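Below is one structure, written out as structure tokens, with a few remarks after it.
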Amino acid sequence: MKKYILDFVVRHNEKLGGRFGLLKLTPANGSQLPEIAAGQFVQVSVDGSKTTFLRRPISINFVDKVTNELWLLIRNAGNGTEHLLSSKPGDVLNMVMPLGNGFPVEDATGRVLLVGGGVGTAPLLYLGKILRDNGLDVNYLIGARTKDELLMIDNLKEYGTVYISTDDGSAGDPGLVTQNKVWDEKWDRIYCCGPAPMMKGVARNARKSSTQCFVSLENMMACGVGACLCCVERTTKGNVCVCTEGPVFEINQLTWQD
Amino acid sequence: MKKYILDFVVRHNEKLGGRFGLLKLTPANGSQLPEIAAGQFVQVSVDGSKTTFLRRPISINFVDKVTNELWLLIRNAGNGTEHLLSSKPGDVLNMVMPLGNGFPVEDATGRVLLVGGGVGTAPLLYLGKILRDNGLDVNYLIGARTKDELLMIDNLKEYGTVYISTDDGSAGDPGLVTQNKVWDEKWDRIYCCGPAPMMKGVARNARKSSTQCFVSLENMMACGVGACLCCVERTTKGNVCVCTEGPVFEINQLTWQD
Amino acid sequence: MARLNVEIGSLKLKNPVLTASGTFGYGTEFADFVDLNRLGGFIVKGTTLNAREGNDYPRMAETPSGMLNAVGLQNKGVDYFINNIYPTLLDIDSEIIVNVSGASIDDYVEVARRLAPLERINAIEVNISCPNVKQGGMAFGTTCEGAASVTKAVRNAFNKTLIVKLSPNVTDIASIAKAVEAEGADSVSLINTMLGMAIDVERQRPYLSTITGGLSGPAVRPIAVRMVWQVAKAVKIPIIGLGGITSGKDALEFIMAGATAIQVGTYNFVDPTVTSKIVDEIDDYCHRHNVSDINELRGII
Amino acid sequence: MARLNVEIGSLKLKNPVLTASGTFGYGTEFADFVDLNRLGGFIVKGTTLNAREGNDYPRMAETPSGMLNAVGLQNKGVDYFINNIYPTLLDIDSEIIVNVSGASIDDYVEVARRLAPLERINAIEVNISCPNVKQGGMAFGTTCEGAASVTKAVRNAFNKTLIVKLSPNVTDIASIAKAVEAEGADSVSLINTMLGMAIDVERQRPYLSTITGGLSGPAVRPIAVRMVWQVAKAVKIPIIGLGGITSGKDALEFIMAGATAIQVGTYNFVDPTVTSKIVDEIDDYCHRHNVSDINELRGII
């Protein structure tokens, strides 16, 4: 898939709960968004922050072809992302995009479970839309510490049923996502994005039930295009770049210990 | 004079000719401006520019006690000043101020000539007001390459007669300020700020006519408070810091060659 | 743009802009962003005799105006390069230079020997300065004797242009450059990364799996320019300067300090189009300053 | 804030935050911005036997996340300090450490000898690492022999706390630290500035009158942290870490790498209140992490 370096204009900056925000952007030159697969990411330049040197990889939350908008769900994790979240409508952000391989969707069938935690929920919105458009039965399982940290639940509901787990029981099932009652059901495929311990737990559940499972990794990276070799993950084929071979991996490609 | 570190809010950003702009700012906390002498400067933090590490020394153009505004006339001389000139009303700039000694005014009498060139015109506006308020006959001699690069002439006219020299003769006398016809007259004191060659020429004219002459230097500096010892000027007393011993010097303190 | 032609040993470069090893993949990773044929050349990533998995993740940390990396020469080995990568590069109309690394002198020699027959490889860059591997690398680059011994051995095995990449983690880089020149190197490139370290104080652990790593980016540029200037005063062979170059202006600092060509490294990660812009900016500078031959600017400081 | 107390030789500091020589004047320049009594101490600027005018203007250039300087030890000499500056510092309730520089070993010894009787001066920092003077300075600091000889001579002339400030422009800073420790230094401080250079390409000349100068600021912090970590593994005497510290977090990097105290340098120019903030930020960190004694964090990496 061809990669571009493009300026985007911020159209909306919506504050979400906790340390999260949602930017909606459109190409500054008025062109149509390039072809984008669910699960791909962008590398955003952070121009106004003195302490930020490298671009920040941000996964693509949604592609709205009607409004020609790209959505980025961003967590304030330091000076770089904090600066992005302070963007105002009209501000311009430069992006290298779209990067990575995205989630495999062509061969998916039946009932699928999309498991997200924290900012890892981000790529699941567009993934759910694509899968629903493909006629699948889309189900979300979203985890958070507490109710206030659940993100974009109403948006997710447009594309599937939403199950919730919160550590404190303030919404949905109490406990971790891996303890949610949805695991009693049979799934045809699982997609997952979230903190590493959560993804590892989901991978264990998937293996137990012999369900195919794809996870999206968020390793730290510099270039995003396979040159710096910094974002490597150990796989059955050795160390590979998450930015070009991933960010999505089938769990059996990984060397996660059970 | 006590020094402060204060946030200022930008109230107005006026584009002037060429690469110049005028910022009008007021203390962000609503406090009264501290006591400021004409010829003092501020050290402004440039927060949004990746390539700017140090503060930028900017001379104080004017102090408006009625509106509680500090004016900074800024020349776009690189990324730092360019960023300052892109400030919008409501933006906050942090300043260490007021710094340096300013022009001696208490002992001035009679007819005074204030000679400025380029951004060196900046401190002469407030100086003219102070001298006029003290009952002196204030006269400005402003030099520029061409008419379009003359700065704030209408403001200067509020406090004195304005004479002009332009290299191309597009306004006032043709040629350098040192060739202007005002030098035929007798002055009781000369104040000067501008590019080094201009100030050296003015100093020569002053010596010829045995007129007391003060110049304001713009040596590059890091700290602005006498610690880094980078902005030194060679004087009859050895190397001294322009930021604390200056920026204003009586020309006979300097070791400028004739 | 004939005014930008420069020569490094027997290499004739259309312009002085090269890419630094390990920052531009095999060029093809950047083909969507840059017309590769516009560049003087590419230095493809560190190649060793046998495949290497490199160091454990995490391998990078952002630092003020720079970054630390600890990749550790991950690559699939010289034979994989020859059989699988080299054939894909043949259409590129720019010089292809292979960066050669090793844990022993024999390793360096063997990699050089295998690369020597490749028609399109007219030069190798011998890396005696990698800070991120336990054996070899920087160990050779921090003494005159070590640098000389690697150079001498590789010189005997490789009769095309031999560039030696120097470590900045030394007291006197000029003496190391002289030692390398004396053993027949055609050029030196400098600087490799500075050994650095960063600590995540909240988690009370280093950011890198290897604790220390190599610092690169604009942060180190003043050190790199100074070293190029010192080396230019000490050797007669052409110098390739690198270290934090982000623009034509930065590149010209190195050229004026004495470099014949330059490499763009870390900034490829920030702006993948930067190499092409630098070619334009240097050419524009020559135009504005009436420079008919870029070589006139070399070492004017 | 008793949890922030640290000791360097016989010095008892109320907290580990010192100011670096040449960046904080004599403290009084910053009295409008910082309550000087809140700091662990001040290292007043480089003092030589005789007055020095320093280098010609221009003496500085801004660089990415840092700056170059070439002040060249401008100062009025040790007698002027004793007679005119020292009496103005007596009301400050923080340790006052004098940075001592010289062009010869005899110079260092004589300055130390004259400072020794001053009651409020409990320590000196011997600068064997100034890159901006032709004689002395860094010439002593780049070999073990040079560093040892200065230390030995000054040790005999000064029986209070002796700190030696090391140059980072060396291949192996740990061996130099060991040489200095062996001659009786009570502490080492590191790093002094990295030798660097910047060129104004439009005007085709260096920014500094001296061509090269000393690079400081956040740019060099990863190098400084790495060197402190290396030296901490090599010596038993306490280390004072410096190089690009801008915050409590940065200061803690040095402490976790092995420093007992830290110095804030260049960033005083950017935020004149930063030293006081760093004291608060370190204390806040100790509070959040339940650290009852800052010394527990030292060298945990």
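Note that the chains are named A, B, C and D in the order they appear, and that numbering of residues resets to 1 at the start of each chain.
In the analysis below, a contact is a pair of C-beta atoms (placed from the backbone, for glycine too) under 8 Å apart; a residue touches a chain by one contact, two chains touch by 3 or more.
These figures come from a predicted structure and were not determined experimentally.
*Asks:* Which chain lies the greatest distance away from chain A when centres are computed from Cα atoms alone?
*Replies:* Farthest from chain A by mean C-alpha position: B.
*Asks:* I'd like to verify one number: the distance from the centre of chain A to the centre of chain C, where each centre is the average of its C-alpha atoms, in whole angstrom.
*Replies:* Computed value for the inter-centroid distance: 36 Å.
*Asks:* In whole angstrom, what separates the CA-based centres of chain A and chain B?
*Replies:* Here chain A and chain B have centroids separated by 54 Å.
*Asks:* What is the distance, in whole Å, between the centres of chain B and chain C, each centre taken as the mean of its C-alpha atoms?
*Replies:* 47
*Asks:* For chain B, jot down the residues that touch at least 2 other chains.
*Replies:* 50, 52-53
*Asks:* Can you pull out the residues of chain C that are in contact with at least two other chains?
*Replies:* Touching at least two other chains: 63-66, 217-218.
*Asks:* Return all touching chain pairs.
*Replies:* According to the stated criterion, the contacting chain pairs are A-B, A-C, B-D, C-D.
*Asks:* For the complex, which residues does chain A have touching chain C?
*Replies:* Residue positions touching the partner: 2-5, 45, 51-55, 96, 219-234, 238-239, 244.
*Asks:* Please name which positions on chain C make contact with chain A in the complex.
*Replies:* Interface residues on chain C, with respect to chain A: 22-25, 29-30, 32-33, 45, 53-54, 56-60, 62-67, 69, 71, 74, 217-218, 266, 268-273.
*Asks:* Going by the contact rule at the top, pick out the chain B residues touching chain A in the complex.
*Replies:* Against chain A, chain B makes touches at 47-50, 52-53.
*Asks:* For a test of understanding, state which residues of chain D touch chain C in their complex under the given definition.
*Replies:* Touching chain C from chain D are residues 63-66, 68, 142-143, 169-171, 194-199, 201, 204-206, 211-212, 215, 217-223, 225-226, 229, 244, 249, 252-253, 256-257, 285, 297, 300-301.
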